[in-house]
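Working notes for the structure below.
When the chains are written out, they are named A, B and C in that same order, and each has its own residue count from 1.
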Amino acid sequence: MQPPGYQSTAVRRVITALVLLLLVVGGLVVTDRVASAYIQRVVIGLGISIILVVSLNLSNGFTGVFSLGHVGFMAIGAYTAAILTLPVTLKRVNLPDLPTWLAGVQMPFLPATLIGGVLAMLIALVVGLSLMRLSGPYVAVATMGFLVIVQVILVNWDKMTRGARTFAGVPSHTTLWWVWGWAAVTVYAVWRLVRSAYGRQMMAIRDNEIAAQSLGISVMRSRLLAFCVSAFLTAVAGSLWAHFITSFSPKAFYFTQAFGIITMLVVGGMGSVSGSIVGAVLITVLSEVLRNAERGMDLGIVQIPAVYGASQILMAVIFVLVIIFRPKGLLGEREINFDRLFAGPRRRETADKKG
Amino acid sequence: MTPFQYLLQQAINAVSIGSLYALMAIGLAMVFGILRLINFAHGDLIMVGSYAALLALVLGAPFWAAALAGIAASTVTGLLMERVAYRPIRGAPDVAMLLTSFAVTVFLENLAIMLFRPTSRPFPTPPILSMNLEFGPLHISSLDLFAIAITGVLLVLLTLFVTRTEMGISMRAASQDLLAARLMGVNVNRVIAYAFAIGSMLAGVVGILWSARVGKVDPLMGFFPVLKAFVASVIGGLGSLPGAVLGGYILGTLEILLQGLLPPALTPFRDAFVFAALIILLLFRPNGILGAREREKI
Amino acid sequence: MLKLEDVHVYYGQVHALKGITMEVQDGELVTLLGANGAGKSTTLMALSGILRPRVGRITYDGHDLTKASANEIVHWGAIQCPEGRRIFGGLTVRENLRMGAVQRPDRQAVQADLDWVCALFPVLGQRLHQSGATLSGGEQQMLAVGRALMARPRLLMLDEPSLGLAPLIVQGIFDVIRQLHARGVTILLVEQNARQALQVADRGYLLETGRVVLSGPVAELRANPEVERFYLGGSVAP
């Protein structure tokens, strides 16, 4: 027997989801039509960050296994897709030594992105299988090793990547809609995964690995799945980013770049999907404000001189403060509960009746 | 040069660079052993020491004084780091501590970029360290000899410290069982401070030697060395001091070996191979060579 | 004298100790009995300053232990010999014993105590330079007790010293406990092995899920049918 009010809760949930969707789509339409180029860039960047943070959360926050090398998957997605979408003429100029089967290829955006994602996923499978036996600090160091390996390959495999030189001329396929479309896919996919049986397994493992093993839950399989899906999504974000910024080099995919995403994760709360989104929004806004301040501001009375690097330092300080005072982040492991926002009075009614 | 002489030459290279890795790895191992903290920011202590020494040199100090200044600067920075960033989060999950050390790295590196500009500056190596000594067909740089000698002395002193002094034994006890050490009345704050102080001091020494070796300093100079130090530490088994030393020399040897054995097309990928080797090692020995065997399944 | 007043201790959200009130007079040997998870070790950890009570007070010898740091508590003479021995495996027997005296500045007195501990446990004297990890379970327990004794405890807290040991070894340990009791050392003995504990103690407390459910002189406890249940259920989980 379903408890009374169940129907209305389900209906309420669907309505809430639709409302949210409408709000976001509406916001995007407004941004697309009306907002300045700068705002549009920020919103695109925000969307990409959301994909990165949510997928990192899938890999770290839910399984408790911390991958410091995730930005390596972003690089794989970026370079793979960019090489595939680069116009043939540009390939001849910039990547003259490309193997012939690639030199003539020019793909549209979506297939290239998907291929990048799948490649990252396959690599994640191999890496994941190796790393799954490790725990604690050893995983962290091993994932760092992975990132270094990716970095070294990118910098030295001149034929494919132009080495340390800038990879330019990537067609700017990325639009607001592509990014937020993928962001929606990411959020939905991770949400479903977490709420599914697999997801419950992952939480169980994170909280108590030994107990989970005794229940016969395959620790490895659940973690591997999370790791691979996460890699796929991260690579997609990489492709989106590559086709947004249109020129980049291996330097963009190294540890300190990863720090911004990690800050968003920590601020929002590891283990909360909505927290990741909140974290991404907060930190993006904060970064933009700080970045503008970095250039120096003239407030009339006070003159703040240009201080480069200050925004990073401030982020680091914020990070440490959050870890000290609110180590679980803003949302910890809970999600934003819309039910509570809309359901207040009716809930209390039912409770009184029972009591 | 006969093959034997060539090997000897390379062996000296390996020991020299292995010494630097060993010293760095010891610093990491000391802190990890007691706090279970992977201190990412350890590399920046190398950077701090180098810049402080450079500053002293620019101000006219003789090299030995500048070196001491550098080591002092590293030590102070390390102690500050502990007090400000790590003590408040003691007892937090390992992930939080690791990420915080990441934040400290970002902080220090950007501070250095702000103060010193992101480009590298030349580091004036004193003549005594840039001599090329010839023993028959062998060429040995005085810097290498110096590095090996200093490391030897430091290792001896360190061993005496951890086996003969009360603080040293307390540190070993604390890294084996922190709770039991607390129950004995060990002053954990002091022990941790000592661990950071010694580790940072060693980082300072490495900073001077490293800068002298490459002839320049830059704000990000500590990053890659500390990664290598991690590798060394992990090879030997995280938290183990003898493991750190062993790991350092194994890493140095591995690097020189790969440098020599890899075909020229692949030499730029040397570091990738080193890390790949590390991952393979971890597959067989998840806790490093001297680390505990596979954790018992309860 | 040691006094706990309405002590509540939490592990995060878990309410582990729910208002413990007990006392140990100078020179007494009091035993804390109860099944696994009753809160016995938690009580000792609170006494040693590792866990902080959220509610309640702990006083010893005029000092307030409730908010004191672990090394202050050791300084005041309250020493714990923890559950599971927890000796330092990588340190030699000698180094382990020296760690027990880490707060004591007087070298000669420490050396004298080392000799005394080796006289109490001759096996330790034979293995002074062996590493702790190479000792057998029983030897490790002796080392743990010896290490605690090196601190010259005025209040000695023992957490399950008989756990996992052969009866003969247990006898040896309890003989030493008797000797210490005779010397006037105040002892708080946590044990699952109620039989042995009640043979050496003056008084006892029975803990169940974080509460004191029974207390009194040992004679009373032995006569109590509740305690009989624990006697018989001694090493088997109830």
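To be clear about the criterion, a contact is a pair of C-beta atoms (placed from the backbone, for glycine too) under 8 Å apart; a residue touches a chain by one contact, two chains touch by 3 or more.
Since we're looking at a predicted model, the values are computed, not measured.
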Building nodes from the protein chains and edges from chain pairs that touch, which of line, ring, star, complete or other describes the result?
line
Does A-B or B-C have more contacting C-beta pairs?
A-B
What's the farthest chain from subunit A if centres are computed as the mean of the Cα atoms?
C
Please identify the chain lying most centrally, where each chain is represented by the average of its Cα atoms.
B
Chain centres from averaged Cα atoms put subunit A and subunit C apart, in whole Å, by 51
Averaging C-alpha coordinates per chain, one finds the centres of subunit A and subunit B separated by a number of Å equal to 33
List the centre-to-centre spacing of subunit B and subunit C in whole Å, with centres computed as mean CA coordinates.
42
So, in the complex, the side of subunit B touching subunit C is made of residues 166, 169-170, 172-173, 176-177, 179-188
Subunit C residues within the subunit B interface of the complex:
48, 50, 70-71, 73-75, 79-80, 82, 86-91, 95, 98-100, 102-103, 147, 151
Partner subunit A, residues of subunit B touching it in the complex:
32, 36, 38, 85, 88-89, 92-96, 98-100, 102-107, 109-111, 113-114, 223, 227, 230-231, 234, 238, 268-269, 271-272, 275-276, 278-279, 282-283, 286-288, 295, 298
Residues of subunit A touching subunit B in the complex:
60, 64, 66, 68, 130-131, 133-138, 140-142, 144-146, 148-149, 152-153, 155-156, 210, 255-256, 259, 262-263, 266, 270, 307-310, 312-313, 315-317, 319-320, 323-324, 327
